[in-house]
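The chains carry the letters A, B, C and D, assigned in the order they are written, with residues numbered from 1 in each.
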Amino acid sequence: MTLAEEYLQIRKYSEQVCEPLQTEDYVVQPVVDVSPPKWHLGHTTWFFETFILKPFSVNYQVYNNDYNFVFNSYYETVGNRVIRTDRGNLSRPSVNEIYQYRAYVDEAMVSFLSTTLNDEVKELLILGFNHEQQHQELLLTDIKYILGNNPLFPVYAKDKKEVLASENESGWIDIPGGIYQIGYEGTGFSFDNELNRHQVYLHDFSISKTLVSNAEFLAFIHAGGYENFNYWHAEGWDWVKSNHIISPMYWHLIDGEWFNYTLGGLLPIAPNAAVSHISYYEAYAYASWKGMRLPTEFEWEVAAKNFNWGERWEWTESAYLPYPGFSKAPGAIGEYNGKFMVNQKVLRGASVATPQNHSRITYRNFFHPHLRWQYTGIRLVK
Amino acid sequence: MTLAEEYLQIRKYSEQVCEPLQTEDYVVQPVVDVSPPKWHLGHTTWFFETFILKPFSVNYQVYNNDYNFVFNSYYETVGNRVIRTDRGNLSRPSVNEIYQYRAYVDEAMVSFLSTTLNDEVKELLILGFNHEQQHQELLLTDIKYILGNNPLFPVYAKDKKEVLASENESGWIDIPGGIYQIGYEGTGFSFDNELNRHQVYLHDFSISKTLVSNAEFLAFIHAGGYENFNYWHAEGWDWVKSNHIISPMYWHLIDGEWFNYTLGGLLPIAPNAAVSHISYYEAYAYASWKGMRLPTEFEWEVAAKNFNWGERWEWTESAYLPYPGFSKAPGAIGEYNGKFMVNQKVLRGASVATPQNHSRITYRNFFHPHLRWQYTGIRLVK
Amino acid sequence: MTLAEEYLQIRKYSEQVCEPLQTEDYVVQPVVDVSPPKWHLGHTTWFFETFILKPFSVNYQVYNNDYNFVFNSYYETVGNRVIRTDRGNLSRPSVNEIYQYRAYVDEAMVSFLSTTLNDEVKELLILGFNHEQQHQELLLTDIKYILGNNPLFPVYAKDKKEVLASENESGWIDIPGGIYQIGYEGTGFSFDNELNRHQVYLHDFSISKTLVSNAEFLAFIHAGGYENFNYWHAEGWDWVKSNHIISPMYWHLIDGEWFNYTLGGLLPIAPNAAVSHISYYEAYAYASWKGMRLPTEFEWEVAAKNFNWGERWEWTESAYLPYPGFSKAPGAIGEYNGKFMVNQKVLRGASVATPQNHSRITYRNFFHPHLRWQYTGIRLVK
Amino acid sequence: MTLAEEYLQIRKYSEQVCEPLQTEDYVVQPVVDVSPPKWHLGHTTWFFETFILKPFSVNYQVYNNDYNFVFNSYYETVGNRVIRTDRGNLSRPSVNEIYQYRAYVDEAMVSFLSTTLNDEVKELLILGFNHEQQHQELLLTDIKYILGNNPLFPVYAKDKKEVLASENESGWIDIPGGIYQIGYEGTGFSFDNELNRHQVYLHDFSISKTLVSNAEFLAFIHAGGYENFNYWHAEGWDWVKSNHIISPMYWHLIDGEWFNYTLGGLLPIAPNAAVSHISYYEAYAYASWKGMRLPTEFEWEVAAKNFNWGERWEWTESAYLPYPGFSKAPGAIGEYNGKFMVNQKVLRGASVATPQNHSRITYRNFFHPHLRWQYTGIRLVK
């Protein structure tokens, strides 16, 4: 596959994710962490325009100078960004205009990709691919949030899978203590936060082969898990009380039975499916109630070759911190990861929202501990 | 004109106001006081369905029971309402679905209006007409807000007038003190807040024939009006400081020249046009700076036959309070006005956003003193 | 009595109000509207120093220049004020230092008052007396708040009266419609907001001779008054819901019986005493439930010679607005009243916290509609 | 020294810290993280009463049952606590009453300590000593905040040292990579968060022998460090912008010269003293500007025997997380540390506010990254 073909395939997938949407669904931003789908489509396009076409493609004409203002994200070096909470206030550019913007940039990109590319460009291109794939994951979970918080519970796609077919074998894996290598190694792509590969000392631990299921989590609810502060961090407990949390996100108790909103609509809870849409606080409290704990990201990385993963992003006990020797790239690209390395938790694995070829055993995702709109899950360690 | 014809004409006008919109413009709610256009279209339809078709039209089938939840406004007696700040989070029902809802209710209404109507129904119908006209006014000003707060400054309609053609004669009108009759009298429609007609004693006053112009207001700005607390109420001054107010809403200082956003796009300030989009605090401060004051709503009502009005809603010094003998209707209709009679200021007149036949000399509009998104204006008294 | 004697008598009374306090009680500010007692003692002193001694007393030495910063209130013209919410953060100046400041200024004042005073000074002096008396009222109600919101419910003074001995005769007074004179007239002191005396047209009304009692208000509670939105303004209802209001302030339901905190400690509700510590919203809702209304301030002023008053500040339906011809004095003194004339309600009468000689039939007090820490009450009109 | 003697010595030191205070200084709570000194005095007393006297001392009479409500901290298992933000609203119990409470409990404790104590009691006693010492540190820094945020800048004690006499030798220490033992080992007291002792793999690093000085930090300010987002975490940058941070806490630029508030009053910045009262965000930004980084807590623990420490709490790059095998004690005591292990940063060392005998190389302090009122400092690693 040529780079142009790969480019087009990735770009097309973003649009496929949006295919079931009504125009209106592209526009709203119900909470600060959820971006409007049309913003994702514009922002990923702006990334290629700003970091590849503008600096490297001779005679490239910027599509619309105002778009830099509208579609910039957190890249402080590239000018004023639209404050994140304002994204949902912008009815323009319209969805059609954004698709036209995509077409314009795609045409310019394909033409540019047919020229001889230097290594710097190639690197930026691969980063752009991965950047768009990250947004594809957010796109789907943001769409779920937009539809799942609408009182009409609209269906995204009747047959959209939120669990993987693969059956997990239950039981525990014992990992002996010792020095292990952690971090990305190889010639493929990795984010800067997966580097450098380095040594970590681990103590003996046993890790579950399976994720916690809905049925198991329901037992926690029935045992009063949400009413007993003993299982919770102090700030987790405040979060439970302030937000009146009594179940995972998207769960609804209707006439005594638990339902949850899925991309296929409002359905009864599937007992054997992995529990999802829980915060780190809930993952921790569940583990605490079981007398166990969550894995560190290092334990997870060492053990992961021994179990199936990729259905849920798995909360770890690790804070999101730089690896030894981490250094960020100069300029705007350097803002990618390093500046978020405080007050967030690492998640490992991948989820049903992750695009193909966008997961690996060293991948580090990260979110604030209260967030639940990703397909998050729980794996226990003892 | 039959009632059915009148009904259809009013209903059609709401849709005409929305004609220049993109689908996306119907959806967003940039601030709590501005509702998404699609909500206005649905809510006014829900009003006819809930208060006329459901109780009076035999065999009427409710279009969609969930819509009561989505399109209810402040009517506590008719079930849970969508909290106002949430309206902008709802991508569904879609714009198309809402137009279908309108068509369905319109058909049922036209059919129902061909039957014999009793007086109660007729009264509710006229209330429904006036209710929809009130929303038409909000619809246009909400649209202006949505477009005017977009960094792309989209044009609503190139030739949309925001000032009236009629030339006002300048000068002052002297009104002698004495007892005057205030409030609606006649056989046409009025809101309950215009009743009962009653006597008020006024002292001598002189009132300006014209509204304050942009050029005059600019003189206030140049004189440091926004920096001198002496002209302001204490809470007006807090509002200026907290919100960094330095000019009317929609004004932008670009390279030393003042522009303002209009429905025709971003244009240089028209010096002779009446200043607009100012809060009560600003109206008061301006009057204070001039050594004058705003009229009371009673002074305005007595004097209004002597000057042109209808271009700007005019802030008065009067608080929004019940007239002597005011009583509210039983049931949901009674929630219309009375429950807002605290902490708001009366505005008199009408504005360029007011539909035809929806203004009269006794009409009482009311807003909180900090609000600016209506076509508000200033008329002085000395 | 000489001016100096009058000065000392008023000054002494402020300190008498504080006599039962512990040092710690002088310091705290539990909510923004309640000032620390030591701040009242300092601020009233600063008033005499700033507006009389500094401009008029030759060779007067300012006690401490920093105190202008600490004890200034809302007087924007006299320099930066300590933001009201910060008052409770200041442990210094200490209570002792403030008493020393009072002694210093009192000595300077007494000496100055023995000289020949011009009319301007005399006017400012009388204003200073009235200013201190206003703060004496606040001082007592602020102290009640500080003690009454302490979980230990400390007693201020065992025998401190919160109701007046005078028995009110029940029944209604009928006042015929017509033109009445409103506002202060005479040669004594009045605040600028009581001027000018002017004509108001009133319609026929009947006003109760007595205030609503605790027993009557309890009937409102038992009838579900706090749970039925029909009796409330929209924003009153929001206030009830957001703040979980179920009774007047200081009421506590203990083992099924209602108690209230009084300056004499926590006591069972006295059924025949006038209900107090209710917001305007509650006063309005109570009247609404009774099918009656509150008087306007003009009705109150006209009728008041026919009933006993002075025990509770009585909420009126009137917004706090300038009288015809109102103009504020130039300079800092002019900031006294005019700048608060928006979004507040007028209260008439006086309360058990009002110092002797500080009440008259034309006196206009004013507070925001949600406030309850004053001795507020309800008188009905039908 | 007997346990009773040790008890009395520690108890006495808390009161010595408060000796320079006025009564008023004991009462206020300017921000949520700073507790009123009188609360510290009561809470530490309540600790001994609740966890030792009540369960173990036969016939002990609780001093005042209401005090459990007032002086409880975060111990959810021991009943309702006074919400932290409310502590500064409570004028009672008075300072005298709290000293009486201390005397009462001290007498009961001394009597109880003369009896035969079992191991459980001894352990709780030692915990109580260390708990009181932790509060002594907070007591001094809270007092500094209370006085240092008063516009009068009161002096705590003219000669109170905020820097240590010991001169640090400059230069760098090289530590070779390898497996190191981390955590407390021995028979003395340690907090549960210092356990278990375990192995950690460290890579080669060099650590500074000295803390960053005021002069060095001033160079960061002059180089525009507070205006360049590149040096900051994203949320650190938001913190700088929202709070208008331009220097360490307590620094004031007066007529072009930098002063800082110290316990001895407002003084010119001492260039050679270690910079203090900086947030983690500022520590990180400074390191980033130097092209270096902060140590992890493990690096610090390994290297600390090679440099002087104890003057400033030193921010580390480590998040506050449980050590391998960490388990919390059952009951209220178990709430001590574990429940805070999310979203906080570890600080190592000790500060000039730390009581004697209350520091050790394995001690883990922790605060949220934006907090600055402790004597925090910066040590660099490269």
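Throughout what follows, a contact is a pair of C-beta atoms (placed from the backbone, for glycine too) under 8 Å apart; a residue touches a chain by one contact, two chains touch by 3 or more.
This is a predicted model, so every value here is computed, not measured.
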item: Number of steps on the shortest touching-chain route linking subunit B and subunit D; value: 2
item: Those chains which touch subunit C and also touch subunit B; value: none
item: Rounded Å distance between subunit A and subunit C, as computed from the means of their C-alpha atoms; value: 57
item: Centre distance in Å when subunit A and subunit B are each reduced to the mean of their C-alpha atoms; value: 44
item: Cα-centroid distance, subunit A relative to subunit D, in whole angstrom; value: 37
item: Residue list for subunit B, restricted to those that touch at least two other chains; value: none
item: Pairs of chains found to touch, sorted by chain label; value: A-B, A-D, B-C, C-D
item: Subunit C partner contacts - residues on subunit D that touch it in the complex; value: 22-30, 38, 66, 69-70, 82, 88-95, 146-147, 149-152, 154
item: Interfacial residue positions of subunit B with respect to subunit C in the complex; value: 74, 76-77, 177, 179, 198-201, 203, 229-230, 232-237, 280-281, 284, 293, 317-319, 321-322, 324-325, 339-343, 345, 369
